[in-house]
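One chain, chain A, appears in both complexes that follow, with chain B as partner in the first and chain C in the second.
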Partner chain A sequence: MTPVSSKLYADDVSLLMVLVDTNPYFWSSMKNTAFTFPKFISHVLAFLNSILLLNQMNQVVVIATGYNSCDYVFDSSTSSMQRAECLLEKLEDFVDKDESLSQEDSVDGVGFSLLSGALSMALCYIQRVFRSGPLHPQPRILCLHGSPDGPGQYVAVMNSIFSAQRSMVPIDSCVIGSQHSAFLQQASYITGGVYLKPQVSDGLFQYLSTVFATDLHSRSFLQLPRPVGVDFRASCFCHKNTIDMGFICSVCLSIFCKHHKKCSTCGSNFGEARKQDPSASDQRRTSYGS
Partner chain B sequence: MNTEEKRFNQEEEDEEENGRGREAWERTYADERSWESLQEDESGLLRPIDNKTLSHAQYRRRLRTATAARIQKGLIRYLYIIIDFSRAAAEMDYKPSRMVVVARQVEAYIREFFDQNPLSQIGLVILKDGVAHCLTDLGGSPEAHIKALMGKLGTSGDASLQNGLDLVCDLLNQIPSYGHREALILYSALSTCDPGDILETIQKCKASKIRCSVIGLSAELYICKHLCQETGGMYFVALDEPHLKELVLEHAPPPPAIAEFAVANLIKMGFPQRTAEGVISICSCHKEAKVGGGYTCPRCKARICELPTECCICGLTLVSSPHLARSYHHLFPIRPFDDVSPSALKDFHKLPKNCFGCQLSLLNPGNLPGPQVACPNCKQHFCLDCDIYIHESLHNCPGCESLRNSKTISDMEE
Partner chain C sequence: MPQVKIVARNFMDMVASLPVMKLDMLYDNSFICEAILRSLPPLAKKYVLQMLYIDIPITAKSMEEWVLPDGFSKHKVAIDRLIQLRVMTETFDRKKEAMYQLNPKFQFNLQKHIVYGGVLPREPMPSNITVRLPSLEELEAYAVEQWECFLLNLISSSEAGKTTNISSSMMKIFQRGLLSQRDDREPPRLTESGFQFLLMDTNAQLWYIIREYITNAEERGVDSADLIAFLLELSFHVTGKAYNTNTITDLQRSIIKDLSDLGLVKLQQGRKESWFIPTKLATNLSISLADTTTRKQGFIVIETNFRLYAYSTSKLHCEILRLFARVEYQLPNLIVGAINKESLYKAFQNGITSEQIVSFLQQNAHPRVAERIPSVPENVTDQIRLWESDLNRVEMTPAHFYDEFPSKDVFEAACDFAREYGGLLWEDSKRMRLVVKADILAEMKEFLRRQKQ
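Up next is the complex of A and B:
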């Protein structure tokens, strides 16, 4: 997994895709702390405006990552005013719509937001920018995420990460919640982005402007947070334990910590292989003899 | 005899003179064949061929055949690429020569192969001077194969299909039974110069369950077709360089698995942890002392530089969880999107105006809806470019992924 080198088009013009976590359950859990959603948004708005002021060609697109849906809330290239405050109106509409889509009355805990959907949309947008011509701003994705990881999204998030890696788009992540996000740690590690969990959330703007504001070309001259040690060990499907060594089903790549007779995921029988092994080696011997 | 030879020489000279006789500006036109990229429209005007819709239609056909049914796929592949570097590969009908074009395509293919099949292995075999050389043994490092191939460019002698198949057959018989055995042959020659009966060799390949596919560069050969039919592979002849590229890359996604070809088995694998930064240790792969940034084999504690690999000391297959995750999209492919029917397009006020993925306007100039597709699951509309990107690289439907409820519906259907 080699970190990707940056593409050299126009080296100081950036396209910043910002994924903003609007999960209402997460933000209501933050109410008791000093860091509330309005505060968070004011930090983000100041950050987006400073990105737009850094270079007049810079482009910012904001995608809201909700609990029931995701949507674009701001695009500086189509918006009439080059100011990030325009997003507030659309963000409010989005939060209302997101709430109306809710079917469950209560959710256990904080729930997770739809990170995989927002990442997929951001990557589609970036592909459109790549197609637009040989000269385009250098894209990167910034996830401002607080909700815990949704276990059901693992495959989709990994697919997005690999696609971003292939098109050399770094995924930066800034985790606002109390826990580290394993998804975003992997995303930033694999795509060569920066992963940061601010110590003091009140100073979010400072973190954003010092770590995430610089274009990809200037990054090579800065001392950015070092990649944390990402644990790439797998956990087995049977007990969810993290393991060092395990058995992989050759058909569906399920991971088990012990030898089983049958794969619980795809139903293949493993017993037959043992019996066939001696005959296979017999065949080998005869083919060499002849 | 003499006169015949003379006449032959004469002809050769004529041909050379033909080439030389052309002016430089004529030659560039003759080489590029620029007239082939034009087509006549109904009023007789010349227009560039509309490649976009054409290629999109072609791509959708491919997609439909690929994901027609949920089929088991051979994810752990052991593939030998047999490259013909005989005299015929020096032909210049591909520019600058067949050999260079083939080498370039093989390089691209090796990278794509390991991207899509991180748990698989490739080996290279070269046919020249009537014999088959094994250039690289089965291995999982793309750079090692490409370096070996680029260092061995050069054509001579005849190609022997039989020698190549015999060699690959012996090599592939040693791999474990759960692996899918494959041979991909890039054949330039119009003949094969064999020491024995090639039909016996083909039967031997069939018995060893090796799936042999051939991509021809000159003309269709009966023996190649027979080989592919017998062993369940694919045989195609490339028309030009883009077509060759397409044919080669078609072999990158895992093929449908044939149940009796490979036996399901549990494979013991290790998930090594990164060694702490700043620790000095001697790596077992390069036999060099290195500082930090490696992995430790969980069984024998040897230091390894790169994943995925096999531990050089204890032979354990070492991977990391993203390598497994890279293959999951083959197991859970997303459904092909449906074309939006023209009758639905007439009612365009109800249609979304922008592509759900990239926000591109779906309206043609004149405010009429342009070509678009819709996901059968979440009913969101996408532009054609997003459709290709979603199915070929992303493997997620942005619409389904950004709707919590649609997900539960599709889960219930399954």
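Up next is the complex of A and C:
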């Protein structure tokens, strides 16, 4: 006798949350390479269409990750949007709005996009789907990210990662920038997703369709890229610097690069600092994942 | 309920069994490519997507490297299905190594779909001509009503309020295998597979009927490939939109008429034009193609005192329950009944097994009780099985009785002979009497004749 399962959906029905990096500073830095934003979007559109093609119950939601804000730009479950091309118009609106939010002061370097915000939005959406009833597609998050990590978002990103882990939502990451992203390496490692930095960004569609189109059910049968090395370094809470060694509050596990009298997060008073031996006891290797 | 899977698979096998020429012709239509892709097992879908932009054949060896050792059997199934449906072709290179390549037409159509997007099969009519279109809810209700009416007619129930327009010869075809009639005076009875058919979900039932419809298409002079193509195309129309009947061929118009009786489309007549509106049943056609275990929400609650409450407004559900339970009263949204010995004996006589009843009750358990384990009280399931085994206390075997053997030797020899053939049921050596199975009557006769000589 087989137990009655309350499953309406087939094994491979998925809800794919795609976070698209629209950081204008990053994309303007890519101008001189062969891989420009329009090219990137055309690859992504083909990928989204192919996901929708695979199963009529598949659902795709796209969240644009801007410099100042992030927003939903496409949701295939709303009846007016059957095809991914519909997102272009909304994406344009979003980019304009994102730009208008920008302060006058110039940004040095490429700047950071709002990964933490987009991740939280994706998780909120997934939570809503989870609560909509016992029948729902299997969610996963795909980050198409190019901008470097913003150390200021460290705590928010880590919290998002842990809540994704708790709700068993894998975070896949495809890094399109030139550097590896420590945040996304950790995100994929902790949540059991796939982290990949394509070597040839021209063939993005092939990478997407080969690796990231794999539904959660098929992942147990297929060879997928395995993590090579994960950068577990944390950022300190006081100056948002990425550090190797630091101080950890023994009550709330907040990380600081320097010794403080009082924990700024939970307010615990620390004892006398042992200045003569800074590497002892209170100073630990700071990493959440390891 | 394995039957559901078998039916769905049979349809795919039917597509796969089409001659190569016809199958290749089907792939000219991008909707069919899409429907076929969606019907594939997850791994096979993945492979198609992965190979979509690869123009050269891929060796079997390199494809095997894509899978983990655990998934090898799934890999085999996926590859077999792809080749069976001619989505992928197998070639051998000089070293006799297998190479795979996507069907170029299939590949081209899917590439086009991904990049340019699918176009609608035909444009819906402007709303100024079609003034009074039904709302989606009305359309859904219409489809459900038509389908239930059809099913009630199919099982020749007296509950069927009205008859469908489907010709009786067509109905006979559909009823084949589901109903059996011992002689003309008796009303036809539901067979075992008929009962299983009623237990399937609507999509699976629909495909069973459509499959019969397609297999009998050739007799009516309709090319089955054309029919399949049109049906799949229909499933890509938008639910609730009106489509002009002038845009389809005469052949398709006659198909549409049959489909409207099944509730797949609603036909409407305007002042000048006429149009058809696809319902959810039609647009779901390509879904049921998939080999999935889709399930609807249950509606039955059973108490430990054998009382049965079914929260349903459907006459059909009532008919199904009537097969094995005594329905006591029907309220607007509730059917109350009880399972007892008499009602179950009636079911067993009709060839329904206790396992089928128990699994039906479990699979249709109301969400409130479905969470519980077991969803159907154990004393009820046990009793259903006990009552069935009660019926099986006496086993009947057609047999022949022999006596008055001329001598002990002949009797012994006959016994040995029957034993050798495994047909000896009973012997009484004192009075020299013997009972053998009817199966070996011919051999026994031959043997005894030889003994006489």
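Criterion: the second predicted complex is superposed on the first by the 219 of 290 C-alpha atoms of A that agree within 3 Å, B and C clash if a C-alpha of one lies under 4 Å from a C-alpha of the other, contacts with A are read in each partner's own complex, and residues count from 1 in each chain.
Keep this in mind: a contact is a pair of C-beta atoms (placed from the backbone, for glycine too) under 8 Å apart; a residue touches a chain by one contact, two chains touch by 3 or more.
Bear in mind the structure is a predicted one, so any value in this text is a computation, not a measurement.
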| item | value |
| --- | --- |
| First (chain B), second (chain C), both or neither touched by A:233 | first |
| Touched partner set for A:206, first chain B, second chain C, both or neither | second |
| Contacts of A:241 with chain B and chain C, given as first, second, both or neither | neither |
| Which superposed partner A:53 touches (first chain B, second chain C, both, neither) | second |
| First (chain B), second (chain C), both or neither touched by A:85 | second |
| Partner chain in contact with A:222 - chain B first, chain C second, else both or neither | second |
| Partner chain in contact with A:158 - chain B first, chain C second, else both or neither | first |
| Chain B versus chain C as contact partner of A:120, first or second or both or neither | first |
| Comparison of chain B and chain C by chain A residues contacted | B |
| Where chain A meets both chain C and chain B, residue numbers | 1 |
| Residues on chain A engaged by chain B in the complex (per definition of touch) | 1, 67-72, 75, 101, 103, 114, 116-118, 120-121, 123-125, 127-128, 131, 152-156, 158-163, 166-167, 186, 190, 229-234, 243-253, 255-256, 259-260, 263, 266, 268-270, 272-273, 276-277, 280, 283-284, 287-288 |
| In the complex, chain A residues that touch chain C | 1, 3-12, 46, 49-50, 53-57, 83, 85, 134, 205-206, 209-210, 213-215, 217-218, 220-223 |
| Contact set on chain C toward chain A in their complex | 34, 37-38, 42-43, 45-46, 49-50, 52-53, 65-68, 70-71, 74-75, 110, 113-115, 117-118, 286-287, 290, 292-296, 298, 358-359, 362-363, 365, 367, 370, 373, 375 |
| Contact footprint of chain A on chain B as seen in their complex | 72, 75-76, 115, 119, 169-170, 173-174, 177-179, 204, 208, 257, 262-274, 298-299, 307, 316, 320-322, 324-329, 331-332, 355-360, 385-386, 389-390, 393-405, 407 |
